[in-house]
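Next come two complexes, and both contain chain A; in the first it sits with chain B, in the second with chain C.
On to the complex of A and B.
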């Protein structure tokens, strides 16, 4: 919790990451709403647009989480004071909080601007929660991998896309069903998302010490 | 806690460039071990290897407490590090920095104790100032507080008096004298005055052809 609380406190004072996430998300959202303004996108297109915006917003803000520790020289202080797993957990929680707070603003705006409605709101929220947890987990561990690289942004997008593809496809499909009011396949998609999150978190905890120490 | 640091046949190279090789030395409890040498000789690298922040190219470092050899993670917990490469958080105050690291280290955080520690390193009255507003000398003092916070049996100091004024230098002398009584000090420096604190001295660099022979550090 200490790492997460520290990052939130630093973010509250600087607002670098949240501003990047929010500005990117709102810009893309407004652009999309103007583009599709003349017609009502069907729930499949709307679901895809929602997750594309969430994915690229995450890529815009979350990779900084480890890079700034390396660039500012605070990574050594963290390494000396905390176990790698503590750092990973704190950073993961911070990324998840950041993504959730983005979603709280973004999702209602999305429904208003794209004139969408959710027929299965409970299931939609559950899918959104599981999808964002997975997005936060992948962003966190990949952010640690690219932290010392030169072209962090590019590397992050290249590495994250194949890893996140199963999550994005599943989340888009389940979101589409929730928007359209079809329960078919939603439970299976949620189980898949749950397993995906579990596998990514387990792999992250197993590998993170090597990533962090090297 | 009887602490001991054992370095065996340690070597470090970056590609074809060899920084040092075949360093073997045992640092016993109550010792101030000074590492000297010109810029680029590998002093900071050696200290980072001892702290477990950098892997050696060959050889090993082991730290034992009361005869039990510590794992890499346990080793870090027993070390207090001050280094030009180590920074604290600009966006937090001095007190908040200490609170954060206390919680990370699993220590109970007491604001009174933290204030006492900050007063000891000369930061009385600056406890609630953000680190961004600190001069380089004040930052160095806070790094000393960070390193001392968990009362480590091993203190690793890389250029400990860098950016410090006369009073700060005396603070470093005092810290070294106190630590000698309750553990080990490993210090890298270019300053002849600081090298003189060392009970044993290892000189790195071209003149020493990498390092002194095994066990021959003074």
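On to the complex of A and C.
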């Protein structure tokens, strides 16, 4: 909890990370909308585009969380101050908050720019929530790995994509159903997302100490 | 040495038998003969990736660098066999479905496997420190392996697949006659032997390289 608050405070003082992340997401969104142009994508394509935008925004914005500790040399202090599990929990909460606040701005923009409407708003929000929780979990733990390697920016997307693929496939399908208003299979998809999030989080807590302690 | 010769003769016999001894398959026709190579390659790929994961877990528990070497060699061989399975699958797909590639769920999941281990090697090559490399790549291998059940078992059920199933669970039967079964299991055995042989050679080479490196450091 304290780790999350510390990160939020650091972020609030500078704000450049959040504004850069937001601008990145908006740029991607506008590019997509612009290149799609006059043709209105159907809900299947739109659902895929939404998750592609969210995926790349997460890849661009979330690896900073551990990289900055290593760069500023504060990682050692953090290692002494808190247990690995506490650090992971804090970082995870911070990433989840960052991703949610991004989605709050991005998703309405998505509906406006891509001319979409959602027929099952409640289920859509639930799918989005579960998907983002998983996205934050995978990004957090892989960011910790990437922070210790070279070629950080490139490696993050390469490492994350295969791990995230089950989540992305399921989320895109469920989002498509929610947009189109068909309840069929959404519950199963949500259960799948829930299990995936649980498995990734449990594995993160078990394995994080091996990444974090040098 | 003797094992190597026996293995060579065994695999040559399997190849000849797959064309001469075995009759063409029901349903799949002459193209079905590829099953003798395609399925064992996929089987070895899964086995090798499983070995890589087990050794990665072992490394995290015991911190022995030899386990990291085993994980690396297994992942390498797994990728070679995975590529073979992908290519033979694509060739068969061209003959049977008219397209080399159509994102059938099986094709999707095998590509994800290749991406996972591509990423694994990318991660390995970007960390210079031996111990750190071993630790982080082990963690990544375990994470990647956790997604395999989601892909292998869930994706083909969510998306419609044209891939033929070897074992029909509902009817409790094999889609192969007895001659074919004999050749198939001989091939499976031969491929497993081939894997064991390659694995030993690669591991010995890695050991020698490692020894040469550490000795070089001592002399400097």
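Assume the second predicted complex is superposed on the first by the 214 of 214 C-alpha atoms of A that agree within 3 Å, B and C clash if a C-alpha of one lies under 4 Å from a C-alpha of the other, contacts with A are read in each partner's own complex, and residues count from 1 in each chain.
Going forward, a contact is a pair of C-beta atoms (placed from the backbone, for glycine too) under 8 Å apart; a residue touches a chain by one contact, two chains touch by 3 or more.
Quantities reported herein were computed from a predicted structural model and do not represent experimental measurements.
Colleague: Answer with first, second, both or neither: which of chain B and chain C does A:129 touch in the superposed model?
Modeller: neither
Colleague: Pick one for A:80: touches chain B only (first), chain C only (second), both, or neither.
Modeller: first
Colleague: Identify the partner contact of A:105: answer first if only chain B is touched, second if only chain C is, both if each is, neither if none is.
Modeller: A:105: touches no partner chain.
Colleague: Of the two partner chains, chain B (first) and chain C (second), which one does A:10 touch, if any: first, second, both, or neither?
Modeller: In the superposed model, A:10 contacts chain B only, not chain C.
Colleague: Quick check on the superposed pair: does A:2 touch chain B, chain C, both, or neither? Answer first, second, both or neither.
Modeller: A:2 sits against chain B, while chain C stays out of touch.
Colleague: So, does A:97 touch the first partner chain B, the second partner chain C, both, or neither?
Modeller: It touches nothing on chain B or chain C.
Colleague: Once the structures are superposed on A, label A:26 by its partner contacts, choosing first (chain B), second (chain C), both or neither.
Modeller: It touches nothing on chain B or chain C.
Colleague: What residues on chain A does chain C touch that chain B touches too?
Modeller: On chain A, the residues that contact chain B in one structure and chain C in the other are 214.
Colleague: Given the complex with chain B, which residues does chain A contribute to the contact?
Modeller: Contacts found on chain A: 1-3, 5-6, 9-10, 13-14, 72-74, 76-83, 86, 213-214.
Colleague: For the complex, which residues does chain A have touching chain C?
Modeller: Residue list for chain A touching chain C: 141-142, 145, 148-151, 155, 158-159, 161-163, 165-166, 169-170, 173, 185, 192, 196, 199-200, 203, 207, 210-211, 214.
Colleague: Please name which positions on chain B make contact with chain A in the complex.
Modeller: 51-53, 55, 72-73, 76, 79, 81, 83, 85-92, 96, 100-101, 103-105, 146
Colleague: Chain A touches which residues of chain C in the complex?
Modeller: 60, 112, 115-116, 118-119, 122-123, 126-128, 132, 135-136, 138-140, 142-144, 146-147, 150-151, 154-155, 158
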